[in-house]
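Shown below is the structure under consideration.
We just call them A, B and C in the order they show up, numbering each chain from 1.
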Amino acid sequence: MKHIWILTGITIKEGIRNRVLLGIIFFALVMCCVNAVVTGSFTRDLGKVAVDVGLSTVSISGLAIIFFLGMPLLAKDLDKLTVYLILSRPIARRDYIIGKFFGLSILVLISVIILSIITAISVKIIMGLTPDYIPELFSWGIFGMAVFFSFLSLVIMTALSILYTCVATSSYMAFIFTIGTYLIGQNIELVRTLLKNTNQGNSFSISLLNAASWVFPNLSAFDKKTVAAYGLDFHLKDLGMTTAYGISYTLLILFITVLVFNKRELT
Amino acid sequence: MPLVVGVLILLFYIVSNWGLQKSRHELKIQSQASPLFSLPVVMVKAIAGEFKGLLADYAVMEAGSIIGKREKVTSDEWKTTARLFDQALELDPYFQQSYILLQGTLPWHTKDYDVTIALLEKSKDHRYWDWIPGFFIGFDYFYFVKDNMKASEALMEASLVKDAPPALATFGARLSQQIGKNETAISFLRSILEKEKDQDKRNMLMKRINVHLALDILEKGVTAYKEKFGKNPDKLDDLISDGILAKLPDNPYGYPFGYDPESGNLKF
Amino acid sequence: MLITIKNLVKSYKKTGLKSNPVISDLTLLINKGESFGFLGPNGAGKSTVIKILMNFIRADSGELTINGDSILNPTIRRHVGYLPEQPIFYDHLTAEELLRFGGRVSDVPDDVLDERIDVLLERLLLSHAKKKPIRTYSKGMTQRTGLALAMIHDPEICILDEPMSGLDPMGRKLVTDFIMDMRKAGKTVFFSSHILSDVERLCDRVGVLNKGNLLFCGPIAEFKNLTGDIETSFVTMVENDNKVRE
């Protein structure tokens, strides 16, 4: 157990000193200015747009951390074999995976926290300037809830990125798989709904989609941006289910990753 | 030991995924438009880069998913749909699905006819080889906005497109003469019905046609009554009692037709 | 017997049915406190054997133990210090942080750890770079850092893969003296090399590997006496073996 935390710590240390993190935060600040500009070009629903853009920024930077910081670090471990310096210690391969996962998740969490604070400030300023356009039911609690679910979906992506890095033969392939899974995960519910509602699509494609919804993560379930933007009703049952789903899927992916990594040759 | 852990995790996952899918289905929490499409069109175009067509398809898909759901679409959702169509047409004004879908839904469910017509104009301007957008514009002016002059202009313009059916010119001409509004509506609706494949929409169109057929009968009855008795009947039943009509046609929508004895106008 | 390798077989599967044997039925027994040099030309499979010993890659068959426990058990590595062939580290860490990490994961108590870090760094002439990120180090400094990392937990057994590679003569002397100190302290040293002059000074016994086969295993003096000097013995032995194979 202790080994896992030591490994988590060293992952975070290496990650934080990497300049990519700074770059992403800088990008976030730029996006906040863009937010101000963009909302200026709307005539209605300014508050809603500000929240939309702000939460999207949080998601995008989380993804950027995974793709431009997390995956390269992992890839380096396996390509350049910096993993030797860890596995030559009395630490099990399983602990390596779990430690890495926690380390990367915390890096993502740091980015999410910094960005949601910056975003919240910019949203507050925009709402302060145009109080007429704040959606009536907006609340910071719901905003926080949306950030939480965004983070949960990023945790899933982190676990998947680790799995793909361990499975794929090159870091490029791992990158492609991860992006692909992200796109599929975001759209699977949309496509299923479309086919179901409009009675199009033959039974083969419907069964295929149903099967896919068990393999791929349903990332759109974690998208609470509209709810946050309008302060809409949310149902505790849905939130509870979504959280349980996120945690169980992540655990499953980690389990599979440990199994795969135990077999992998590090040469 | 690891096997036990693995099985437990798998069970946890199966239960929560099943539960989540059920819960989302029950609570009807489904697709909303992506925040991307809330951005100004220019920004979306810029972000789309070389993938404009793809994003257009995506926008139409999202619109379709909102429209196609079985529960009633709220007016906010119609606004969202209109915006999605706008984005789709800005990104790819050549896309046929966009205008077909929007014409089949927006004017029938919302009163923002100017929005619908503006969207159709985008299609028409780009699809110079296609007479249908212009035809739809003409129809919308005639049927919804009730501006026969504009309808006539649109139809005449559309009839000039290569391979346009000659009926367009006739329709256009007739409108400018304002002859027999119900007959025009019936012909117009019939020509749309010919092209419509979706059964639900066909049923809706046929219902409308039947309404206009009924109105036509009633209007002709009122005119005949006036010629015979020198004034409009006081109520529609008089048409039967005074021997003009054998029976009153039913309103497919169920409720009785509106009739104003002073002007002789009929409403449904 | 501290390190035992019995009937180790490893081959890499190529496309098609033909598999490429890399190690064929290797048996090697290393005694406690001895210094064993593992020799062979490039591609002989020395690194492979070491990586199998460290459980980085899997043997096809065979029995390997360290201190009586299977090498599959991670806890044995508490007593093993490993130096890879070309050590690469996390760029942004300093030597001090790296050593602290290595020590803590190997269960070295914190009070002992601080002191030992300073002693090791000084011994390997790295004190001036203690707080500088590793990406600023020269090749020799990186190699020596790797050595420090291998020793931070004061292991009984040292497994070193080409410890002298990439070092200038000054660096080589430093490492050679270091290994000799390890011997004096009674540690078991298992290292691969192809710098034969160092091997003569540092080893009790040697093993010669060629194309996955063990050609010789015995005291260094015996090896030398085959032809009068180590280099000739080595070259002749390998050339003869290659001829036999053709």
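One rule holds in what follows: a contact is a pair of C-beta atoms (placed from the backbone, for glycine too) under 8 Å apart; a residue touches a chain by one contact, two chains touch by 3 or more.
Model, not experiment: these values are computed from the prediction.
Taking the CA centroid of chain B as reference, the farthest chain centroid is that of C.
Comparing chain C-alpha centroids with the centroid of the full set of protein C-alpha atoms picks out A as the closest. Measuring from the averaged C-alpha position of chain A to that of chain B gives a distance of 40 Å. Chain B and chain C have Cα centroids separated by 78 Å. Residues of chain A touching chain B in their complex: 38, 41-42, 48-49, 52-53, 55-56, 189-191, 193-194, 197-198, 213-214, 218, 220-221, 225-226, 235, 237-238, 241-242, 244-245, 247-249, 251-252, 255, 259. Put simply, chain A touches chain C in their complex at residues 3, 6-7, 9-10, 13-14, 17-18, 80-82, 84-93, 263, 265-267. Remark: chain C residues 51, 54-58, 74-78, 80, 82, 84, 87-93, 97-98, 101-102, 104-107, 133, 149-150 touch chain A in the complex. On the side of chain B, the complex with chain A involves touching residues 5-6, 9-10, 12-13, 15-17, 19-21, 23-24, 27, 29-32, 35, 38-40, 43, 61-62, 64-65, 68-70.
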